[in-house]
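Both of the next two complexes hold chain A, though its partner changes from chain B to chain C.
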Partner chain A sequence: MSLIKEVDYGTPAKNSEKTVTLTIDGKDVTVPEGTSVMRASMEAGIQVPKLCATDMVDAFGSCRLCLVEVEGRNGTPASCTTPASDGMVVRTQTDRLKKIRKGVMELYISDHPLDCLTCAANGDCELQDMAGAVGLRDVRYGYEGGNHVQVRQNGEENPRYMAKDETNPYFTYDPSKCIVCSRCVRACEEVQGTFALTIEGRGFESRVSPGMHENFMDSECVSCGACVQACPTATLQEKSVIEIGQPEHSVVTTCAYCGVGCSFKAEMRGEELVRMVPYKDGKANRGHSCVKGRFAYGYANHKDRILNPMIRESVDEPWQEVSWEEALRFTADKFKGIQAKYGKGALGGITSSRCTNEETFLVQKLIRAGFGNNNVDTCARVCHSPTGYGLKTTFGTSAGTQDFDSVEHTDVVILIGANPTDGHPVFASRLKKRLRQGAKLIVIDPRRIDLVRSPHIEAVAHLPLRPGTNVAVLTSLAHVIVTEGLFDEAFVRERCDWDEFQDWAAFVSDPKHSPEAIADMIGVDAETMRKAARSFATGGNGAIYYGLGVTEHSQGSTTVMAIANLAMATGNIGRPGVGVNPLRGQNNVQGSCDMGSFPHELPGYRHIQDSATRDIFEDIWGVKLDDEPGLRIPNMLDAAVDGTFKGIYIQGEDILQSDPDTKHVAAGLAAMECVVVHDLFLNETANYAHVFLPGSTFLEKDGTFTNAERRINRVRKVMTPMNGFADWEVTQNLARAMGLDWNYTHPSQVMAEIAATTPSFANVSYDLLEREGSVQWPCNAKAPTGTPVMHMDGFVRGKGKFVVTEYVATDERTGPRFPLLLTTGRILSQYNVGAQTRRTENSAWHKEDLLEIHPHDAEQRGIREGDWIRLASRSGETSLRATITDRVAPGVVYTTFHHPGTQANVITTDYTDWATNCPEYKVTAVQVSSSNGPTEWQVEYDRQAEQSRRIKPRVDAAE
Partner chain B sequence: MAPDKLVYMANQIATFFKSQPDNEGVKGVANHISDFWEPRMRKQLFDMIAKGNGDFHPLVLKAAPMIRKVKETA
Partner chain C sequence: MSETTEDQNVRVAAICDQMAALEGPLLPILHEVQEEFGYIPDGALQTIAKKLNLSRAEVHGVASFYHDFREERAGKHVIKICRAEACQAMGADALGDQIRRHLKVDWSQTTADHKITLEPVFCLGLCACAPAAMVDGKLVGRVSADRILEKVGS
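Entry: the complex of A and B
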């Protein structure tokens, strides 16, 4: 193994079809038109010295090191800003160039500290490399004159010196080492799109400045780390590198946070992770990352990790540490006892969207083949199950239609119920890049999210709809498109069922669906609605991106179908730049659904009642499968309360914190006789568990994750599991304890079983992934290296199906007791229930959940910024601090759910999506009032949690 | 499950399929419940309908005979 060093071509690739051929140092090289001479040289294997150029940002031409001579042209142009042209003859090394370069380097070094041996970038410093490349041997200017290096000079304070900024928890900014190449500033603008950095001052006074001469932590910086990656010196440096030193080998793997699924190089020294650097060839992220993926991995060796298995007879007892054998025997005995006493259907399990495809496949196999029922579900139940239902009904597959590269060809975007800058930051950066190039954006969200207006981005329309009215809004947009004749008749006639389209068109055309008729109900004026509809229908390639603000409603599935209708009616399916794109929440939520985690479906979305599919699995597994759909998570909890469901194996999910109506979840768990939690930490659900099986992190195992674009990415082990076993091994050992004869020795064998049983994965293997880097399913004989864009030559189901989407108001309504609507979401620095990110320095940005409330609503209630408030709904009440902002409309309040102390789900109701039972998290009628602090429930909950987390150390029997 | 909740869920499904054209409604409700409801839930539904309990949407009652039967288990 060695350190993967990607080639830096100096300037970004051009994808012009026309090519030009030039001669560089006597070599002929052919490149796409528009390619820089610098890049062309690198293609020819010649590295022109450079400092301000790097291929993650556009050429800038400031360092004057990459000069070249071009035959027939005067002077010495910068190769980074000079486009290659046909017949050009370039020389990269002449006496004149050598002299100029040495002179330039001499000036740089005359104002740079000479502490190379003790510098954190030692071994990874481009300035040092270039000094070597140009043969710098002497600095004639000395170090006595004006400089930014010395704290004191000539016995006096040096006014130009600036101390190191160490405010960011993950990296430092040392102005004394800055060469003002602007790479960080440009990375922040071009790659991340935040514009937090600038160059302040002029000439010799020029310095990089976060915001208006602020420190990094107080500036707009979102800590994505693109600047650190771009920096050629130690000016911006990871604290981990300062502490540990340079890495010696690296392994490409996949981030375990959101559904973007970024590829990273895990840069290692031995088994110690030095840093995560986004991988340039990663097809989802193209070399970019966010604060979570790049920096927030500290949870992996946090002291809270549980490394020994634990059991207890009753949840009032403290935990008893035991051996793996004992824990597994205890579990198997309990499970078998439960089935003997209460019947086969009394057991079930939950697969994890945080675990690998292989692990998920094994958990559902354990349940179907071992428990003998289909009581398996996954956390997609509470997020994207309506996506599965809605897209399967309309298009024929339960997945998004595009790859992320598609956004580079998009002209107009509808973004509904998603907040990518916080939830899917790397996709947000890619979207912002496209918007800066001129694409239009329509935001449909009750909150004024950052993308509505932020530096160099402005949505053409923001529809701040009332929570719960998605279907009405989308149907009304369709009304405008159909009644104004803006639909794509040719597409619909060719690709869709024309009769169904006509039924649908007649339905949406009803005047009761016009923007004017519903304006008061949805809270958006008709003109904005019409403008948005016209922009989308006539603006070129139209793409719809959406998140949980669409699915987590009582009409979640209907909304997904309304989105699909809109895409079909405007002909925006089946080519790059268009499509329906669900932004998946978790790293492997797509994969866990693909792997048969739903109680009615075997892997590959095939219904359990389909006997041909059951035959395939029965043959390989050697058991008879139950042909009845199993219980979904909320159904399991209901059955537990009824006394017919008694035992559960939960891998990597914290249902007590993440599922709605906490009291009901707690009651369900409390009614079970054996709750097995398999996780990294004693999560909230473990308060009600009888067995705790320690889990492993994504750094400690091999496998695959499938991201929101159906991309199957490798996860590679870089360190030994601290708990002793990868999660797939734990599941296998549990299966064996239950009497199943499983003998996998590597996850690649599980993938082989998936490929052998699941047509859409038929061609997937670890060998293929090694060769291709990643593939997007379907990947089979018809598409041997996968399918970036789906439904290219017709829909998977045949004809696209238009579905009538009648708006049905949720029964969760405001009234005199609960006059406000609560909606929930994520923040950039924290992730989901926070089990991981709360155990990293990311908490520096978000220590607690806050309730966003409009100034008008706050004033009515006498609430000031930072006050403790009581938040009550029909389900329960909790308390947290308020922050006053007009990002939310009057009548709407908003909070995140990253901290268990907040107990946001005590408030949410048990209303669910009609088709899938996906909870209605996004609409809860609440009242907000002043409070002195935590509620009685919170105090009691904390007491119970503390009581439940006591651990008795393991006592080994005396020899 | 709480009887009210079961009725509520069934009626939600009926409300959606009622809006579909061409009398897809009855078949839609029956298929949906057959495809997604675990036998315990279907049994509770059949029992409630047989006893005349629960304020079911007419479409649910019409669909009931077409919903997949529950196998008797030992």
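Entry: the complex of A and C
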């Protein structure tokens, strides 16, 4: 194993069809037209010295090191800014060039500290490399003159010297080492799209400045790490490298946060993780990252992590640490006892969208083949289950239609119920890049998210709809498109069921669906609606991206189908640049759904009642499968309260914090006899658990994650599990303790079983993933290396199905007691229930959940910025601090749900999607009033949690 | 008389609205703001950034690039003395020293009574008449310290 060093071609690739051939140092090279001479050289294996160029950003031409000579041209042009042309004859090394380069380097080094031996970038410094490459041996200019290096000069303070900025928790900015190549500034602009950095001043006074001569923490910086990655010196340097030193080997793996599924190089020193660096060949992220994936991995070593199995008879006792054997035997005995006493159906389990495909497959296998029922569900129940249902109904597959590269071909985007700059930051950066190139954006969201307007991007329309009216808005957009004749008739006739289309068209054309008719109800004026509809229908390649603001409603599935209708009617399916794109929340929520985590579906979305499918599994597993769909999470909890459901195995999900109506979840868990929590930390659910099985992090296991674009990415083990076992081994050991004969020695064998049983994975193997890097399912005989864009030559289900989407208002209504609507979301630095990110330095950005409230509503209630407020709904109440902002409309309040102290789900109701039971997190009628601090429930909850987390260490028998 | 930051921002925003339609509006706006206030007031850059949908870093980068944009109000009179090559050859350094001594200020400073600001400038394009200066926006050639000081009544 060695350190993976990707080739830096100096300037970005061009994808022109036309090629040109030139000669560089006697070698002929053929490249796409528009390619720089620098890149062409690198492709020919000739490295031109460079400092300000790197292939993540456009050429800049400032360092004057990459000069070359071109036959027939005067002077020495910079190779980075000179496009290659046919017949060009280039020389990269001549006496004249050598002299110039040496002179340039000498000047650079004359204002750079000579502390290479003690510098954190030693061994990974391009300035050092270039000094070597040009043969610099001597610097004739001393430090007596002006410089940025010395703290004191001639006995006085050096006014040019600037101290290190260490305010960011993850990296430092040391201005004394800066060579002002502006790579960081350009990375922030071109790659991340935040524009937080600039070069201030001019000439010798030029300095990199975050914001307006601010420190990094106070500036607009979002800590994505692109600048650190771009910096050729130690000026911007990860604190972990400063502390540990340079890594010696690296392993490519996949981030375990959101559904973008970024590829990273885990750079290691032995088993110690030095840093995570985004991998340029990663097809989801193309070399970019966000603050979570890049930096927030410290939870893996956090003191709260539980490393020993623990058991207890009752949840008011302290935990007792025990051996793995004892914990598993205890669990198996309890589970068997429960089934003997209450019947087969009294057990169930929950698979994790944070774990690998292989682990998820094994958990559902344990439940179906071991427990002998189908009581398996997953957290997709509370997020994207409507996506699965809606897209399966309309298109025939339960997944998004595109890859992320598709956005580079998009002309107009509808973004509905998603906040990518916080929830899916790397995709947001790719989207912003396309928007800066001229694509148009329509935002449908109750809140003014950053993408509505932020530096260099502005939505053509923002539809700040009233929470809960998605279906009405989408049907109305369709009304405009159909009645104004903007639909794509040729596409619909060829690809969709024409009769169904006509029914649907007649439905949406009804004047009661016109923007004018519903304007008051949705809170968006008719002209904005019409403008948005016209832009989408006539703007070229139209893509729809959506998130949980679509699915987590009582009409979540209807909304997904309304989105599909809109895409089909405008002919925006089946080619790059278009499509319906659910932004999946978690790293492997797509995968966990694919792997048969739903009570009615076997892997590959095949119904449990389909006997042919059952036969396949029965053959391999050697057991008879129950053909009745099992219980969903809310049903399991209901059954527990009723006394018929008694034991549950929960892998990597904190249902007490993440599922709606916390008190009901607590009551359900409290009514069970054996709750097994398999997790990294004593999460909130573990307060009600009898067995705790320590989990492993994504760094400690092999496997695969499937991201939002159906891409199966490899997860690779870079260190030994601190808890002793990878999660798939724990599940296997539990299965064995229950008497099943499982003998997997590596997750690749599980993948082989998945491929053998699931047609859409038929061709997937670890060998293929090794060769291809990643593949998108379906991956089978028809598509041997996967399917980037689906429904290319027709819908999977045959003809695309238009579904009539009647708007039915949710039963959750505002009234005199609860006049405001609460909606919820995420913030960039924290992730979901925060079990991981709260245990990293990310909390520097977001210490607590805040309630956003409009100035008008705040004033009416006498609430000031930062006040404690009481947030009450029909379900319950909690307290948190308020922040006053006009991002939310009057009548709407908003909060995040990252901190267990807030308990936002005490507030949410038990209304759910009609088709899939996905909870209606996004609409709750609430009242806000002044408060002095936490509610009684919060205080009591904290006390109970503390009580429940007591641990008695393991006592050895000899003592 | 003291204007609040809020009032200033309103005026800056009005300037932005007036000029935002220009191609490359940032520099003309900065000039206009300086014209209006005599300097670029605190908070103006943030207002401009918001109005033009730029980041505050970008606006800071541009404003700090040009020495002409001031962060503080200048004196009643502004003296700019050329310190470029031709003027240096004709004694500009000595001229500068003389004036600095007389006014008791260094380069880029304003006198204590807030009457006169002294600034260096690098080439006014008046090399044939070196040493050259600019007093309150008017070019003067073949200057002496006395002539300059006389013009500003000091």
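Methods note: the second predicted complex is superposed on the first by the 958 of 959 C-alpha atoms of A that agree within 3 Å, B and C clash if a C-alpha of one lies under 4 Å from a C-alpha of the other, contacts with A are read in each partner's own complex, and residues count from 1 in each chain.
Everything below uses one rule, namely that a residue touches a chain if its C-beta (ideal position, glycine included) is under 8 Å from a C-beta of that chain, and two chains touch if they have at least 3 such contacts.
As the structure is a prediction and not an experimental result, all values here were calculated from the model.
In the superposed model, A:D910 lies in contact with chain B only, and not with chain C. In the superposition on chain A, contact of A:C231 is made with neither chain B nor chain C.
In the superposition on chain A, contact is made by A:F195 with chain C only, not with chain B.
Shared-chain residue A:N635: touches chain B; no touch with chain C.
By the touch criterion defined above, A:G345 reaches chain B but does not reach chain C. In the overlay built on the shared chain, the residue A:Q609 is in contact with chain B alone; chain C does not reach it.
Legend: residue contacts after superposition of the two complexes on their common chain; A:M719 is shown touching neither chain B nor chain C. Between chain B and chain C, it is B that contacts the larger number of residues in chain A. Across the interface of their complex, chain B is touched by residues 343, 345, 374-375, 503, 507, 554, 558, 599-600, 607, 609, 628-632, 635, 638-639, 641-642, 644, 803-806, 808, 910, 912, 914-917 of chain A. Note for the complex: chain A touches chain C at residues 194-202, 209-213, 219-220, 453-458.
Partner chain A is touched in their complex by these residues of chain C: 45-46, 49, 53-61, 64-67.
On chain B, the positions that touch chain A within their shared complex are 1-2, 5, 9, 12-13, 15-16, 19-22, 32, 34-41, 71, 73.
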